[in-house]
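Both complexes shown next keep chain A, but they swap its partner, so chain B is in the first and chain C is in the second.
After this line comes the complex of A and B, so read on.
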């Protein structure tokens, strides 16, 4: 019996009428509808059976049955299974059990729907506002269908986020919202005792742009890839691919093998680019700017290559539902091979120059240490997890695009610290170059790179798609809808789980190491903060006129 | 260990020499298929609105002032240079140019607008740009549109016949501040 049936059997035997239905659309995913009273037990059982928590999806189903839906998703990495546990609560009394006490990483997902849908989770350890701005009116739940996408409530004065209580004997050191070591706005309040960090509270979501709501109400299936791509400036193709795959799975759309190979190549080029970028940033964070300058110098040809392949240095705009937009011609193929050869040579030089450098060791070894068990408990992903000995990689565990044809190894180290993340990323870059060569070599020529969508996509189908981004695993969940657009589209970027593990990594470290620890997860705040409502901070913004600006500049 | 690393680092830095480009003092040409600022050729455009319907950034707006006049406005300040408009245009009226140095203090520098005179089809009463035949078949944006060009806001409604009341209402378009507004 295939493993997926074993899992569903085992669940229905154990919970009998706690599970009201099981929907298994393909060989790799299933969705179980359950009674809301059982949500905690079933989720804990799945973790016990070897599942790994991914993300939760809340959605408004009021128009159909006066409920708010909630889906907890899990992955079984050894068996290539994704599963969704679906339940719902009545609109009038939207209370359900929180799964956060046992699965800490669900904390943010649940808080997200407290903010956005007005759900309540009994037993949640920290039900504070997470996403909406502090002056957003109470009782206005932006993800509900009754709220227009472009609503712009007037701003309010004198409201602020209440930080967690500072532990006895500690001092608060605020880092951010604007801070030299964080390249995007986020606020960490570090509680320090002398030089040692004893705790941390995080207030982020300052660039929350309402993308999910916008796409669910305004755009159509094939416009969303371009918006998805702009969730992140660095892993653009990752989000577009993940979105396109979720729609293709839900709508049963088969794309040509050539298109899948081109997607694979784009994703790996992106990984080479991203890891070189991170290596530079990491060097910069520990004050080692030679590494910064030179890994960015090596990175630059990737940008030029992107420009020749796709028409733009980054945000390639290659991937749409049904395939890709531009083909790889023989000239481009040779071009890619040349660029990769050069990068490989240069990266070996950089690697040799830094692996033995004791000053780098001193700044990264034994810094941000957490155990493998904690990494699993907090559902960390990507290089952050692989540096703690957790052997997961979506490309190998849940193959997509053309990864089933590729031979590659997944570097895993068990130093459990920041140094491990450096190693993993450098090794992965070499693997990526290796994958690009294989893909270019084996690429078949089997039909159009863009498959036209013959029929409309059937509504109310669910699908999960995962893609291994440079920073870790990206998960997109889709519920197809009417009117040629998704009913619900949920994006979970890798920083979303990893950032929740940062307080643990910071604990008992030196204050001076905070930037590199936060930097070691390669945080991408804009990915994490995508989602709903638009333009939350408006009003009170003073716009300088050109003349004023010039006068201001001259005065300096 | 430390010293040999430092020597390797010096070599790593010496070999490439100076890599900084003299841009903007020396121009930096772009490759052939670059996606720069889109350019509309009003001789070719039939006013089908396909580009407006497919622009992910909702940068292209369409406003039907009366039965015969359709204004199309491209607001470059929002454009993402994805090239989707030029992909879908049935008349090849849009080219992605090689222009990328678009920073400006005046929004009008990156705005293009076209006023198209549309003829009425005797059979169905819809309008099309009369210089090109059979344009009606290619219309993907059916009916009349009412985007607010002043606010640069896309209004997602279209009607089969020109609705003057709606035209007036959309002139005063404002984003809602409360539920039910």
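After this line comes the complex of A and C, so read on.
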């Protein structure tokens, strides 16, 4: 019996009436409808069975049955299974059990739907406002269908986020909202005793652009890939691919093999550029500007290559539902091979310089140390998890595009610190070059690159798609809709789970290490904060931060 | 009497202007050299001058919760004390302006003044970043003072036991290159001390890997975070003049040679020759201890700064000193 059926069987045997139905659209995903009273037990059981928590999706179902829906998603990495645990709560009394006490990474997802849908989670350890700005009116839940996408509530003065209690004898050092370490606005309040970090509170989500709401109400299936690509400035293709895959899975669309190969090549080119970019930034964060300058110099031909292939140095606009937009001609193939050869040569030099550099060791070894158990408990993903000995990689565990044809290894180290993330990323870049060469070699010579859709996509189908971004795993969840656009589209960028693990990594480290620890997850705040409609110009966020900063300064 | 005072004042002004010019030159050279090593083109040699001129035209912001008097006074004191040190050190191949008034011990004390002014400025600016930076600056100072003292005392001791009068006077050090009065073992010792001083220099100047007090990516400029306009220009100049001071100190202690002594030249041209030779030496020293170290290392954490200086560099320095002592005893026997 295939493993997926074993899992569903085991669940329905154990919970019998708790599970009202199981929907298994393909060989790799299933969705279980459960009673809301059982949500905690079932989620814990899935974790016990080897599942890894991904993300939760809340949605407004009031128009159909006066409920708010909630879906917790999990992955079984050894068995190539994604699963969604679906439940719902009545609109009049939207209370359900929080799974955060057992699965800490669900903390943000649940807080998101407290803000967005007005749900309530009993037993949530920190039900504070997460996403909405501090002056957003109470009781206005922007992800509900009754709230228009372009609503602009009036801004208010004098409201501020209340930071967590500062431990006895500690000073607050604000990192952010604007700080040289952070390339996007975010606010870490570090509670520092001397130079040692004793705690941390995070207030982010200052750059929400309301992309999900916008796409669910205004755009169509074919337009969304280009918006999805703009979720992230570094790994745009990842989001476009993940979105396209979720629609293709839900709508049962089979794309051509050549298109899948081209997607693979684009994704790996993106990884090469992203890792080199990160390496430079990491060097800069620990004061090693020479690494910064040289790795960006080495990266430049990749940007040039992107322009040659797609017309853009970044934000390629290559990937659409049903395939890709541009083909790879023999001339471009040669260009790719040339650039990869050059980069590989220079990367070997950089790798040798970094691996043997004791001053880099001094700043990264034993810094941001967390155990493998904690990394698993907090559902960390990508290089951050692989540096802690957690052997996961979507490309291998849940193959998509043409990765099932590729031979590659997944570098995993068990140093459990920032040094490990450096090492993993450098090694991965070599693997990427290796994959690109294979893909160019094995790619079928002809075939359409875009598959035409024969008929409309059926509504209310669910699908999960995962893609391994340079920073970790991207998850897109889609519920197809009736108006040629998704009913619900949920994006989870890799920074979303990893950032939740940062306070743990910071604990008991030196203040001087905070930048490289935060930097080691390769944070991408804008990707994480895609959700809400917030008018940045309203100034609510700005007023808060200034007042807070002043308060800190005075306190000192 | 009056003429003496006027001459002295004139000399002081001359050294001040000259020191600032060399400072700007060294900063420019450093930026170009660093850029080339990082595969960049870098700014023109005149960039530091342009930067300083720009800063002088900018608004001088004093934070609302700063202590204005201390905040504004600190940069003036820092630059003034940095230039004062120059008056006691041979610059450009000329003997020090105040050659009779002070010795190496005084220079060591004076060297702490700009740093102390910086600390006072940091504490008085009322920002948590500056406060953390100021604390780090103090710790850094405590860390590098000891190896610096070891170097100076070892050399002065050797001069003293060799029968040279006033061994702490820079004029004596200048007149008796230490390399000439030690044996083969001592040469190794002096080389080690030379190395120690070259490593102390970046800490004295708060440059990478010892720029922990400023640490842009951690403290957003730390100790200087609240400074702008004229005040920041003064601190930047202080930084430059301190580079000249440290480089001149290294040259005076370890490379006190004059080209005019070996190269026959007309008397008129001799100072020019000496000046050029001095500039070459200073650029060389600042290249090694500022630019080269800066491009090849990461920033240390403050606890690493302390352990590097108190344990490793101090031990190395003491080893150098012991070698000189042993060499002397062997030579006497």
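Simple rule for what comes next: the second predicted complex is superposed on the first by the 533 of 556 C-alpha atoms of A that agree within 3 Å, B and C clash if a C-alpha of one lies under 4 Å from a C-alpha of the other, contacts with A are read in each partner's own complex, and residues count from 1 in each chain.
To be clear about the criterion, a residue touches a chain if its C-beta (ideal position, glycine included) is under 8 Å from a C-beta of that chain, and two chains touch if they have at least 3 such contacts.
Note that the coordinates shown come from a computational prediction; the quantities given were computed from them, not determined experimentally.
Undergrad: So, on chain A, is it clash or fit between chain B and chain C?
TA: With chain A as the common anchor, chain B and chain C both fit in the superposed model.
Undergrad: In the overlay, answer first, second, both or neither for which of chain B and chain C A:297 touches.
TA: After superposition on chain A, A:297 lies in contact with both partners, chain B and chain C.
Undergrad: May I ask you to decide whether A:195 touches chain B, chain C, both, or neither, giving the answer as first, second, both or neither?
TA: second
Undergrad: For A:171, decide between first (touching chain B), second (touching chain C), both and neither.
TA: second
Undergrad: Of the two partner chains, chain B (first) and chain C (second), which one does A:179 touch, if any: first, second, both, or neither?
TA: second
Undergrad: For A:152 in the superposed arrangement: first (chain B), second (chain C), both or neither?
TA: first
Undergrad: After the superposition on A, what does A:286 contact: first (chain B), second (chain C), both or neither?
TA: It touches chain C, and chain B stays clear.
Undergrad: In the superposed arrangement, does A:513 touch chain B (first), chain C (second), both or neither?
TA: second
Undergrad: Regarding the shared-chain residue A:363, is it in contact with chain B (first), chain C (second), both, or neither?
TA: After superposition on chain A, A:363 lies in contact with chain C alone.
Undergrad: Report, in whole Å, the shortest distance between any C-alpha atom of chain B and any C-alpha atom of chain C after the two complexes are superposed.
TA: Between chain B and chain C, the shortest C-alpha distance works out to 5 Å.
Undergrad: Considering only the contact definition stated at the top, list the common interface residues of chain A for chain B and chain C.
TA: Chain A residues touching both partners: 290, 293-294, 297, 357, 359.
Undergrad: Which residues of chain A touch chain C in their complex?
TA: Per the stated touch rule, the residues are 171-174, 179-181, 195, 283-290, 292-294, 297, 357, 359-360, 362-363, 510-515, 552-554, 556.
Undergrad: Going by the contact rule at the top, pick out the chain C residues touching chain A in the complex.
TA: Its residues touching chain A are 37-40, 63, 65, 126-129, 131-132, 208-209, 211-212, 215-218, 220-221, 295-304.
Undergrad: Going by the contact rule at the top, pick out the chain B residues touching chain A in the complex.
TA: 1-2, 4-6, 8-9, 11-13, 15-16, 19, 30-31, 33-35, 54-58, 80-84, 87, 96, 105, 156, 175-179
Undergrad: Looking at the complex, which residues from chain A come into contact with chain B?
TA: Contact set of chain A toward chain B: 140, 146-148, 150-154, 218-219, 222-224, 226-227, 230, 290, 293-294, 297, 300, 307-308, 310-312, 315, 317, 325-326, 349-350, 352-359, 546.
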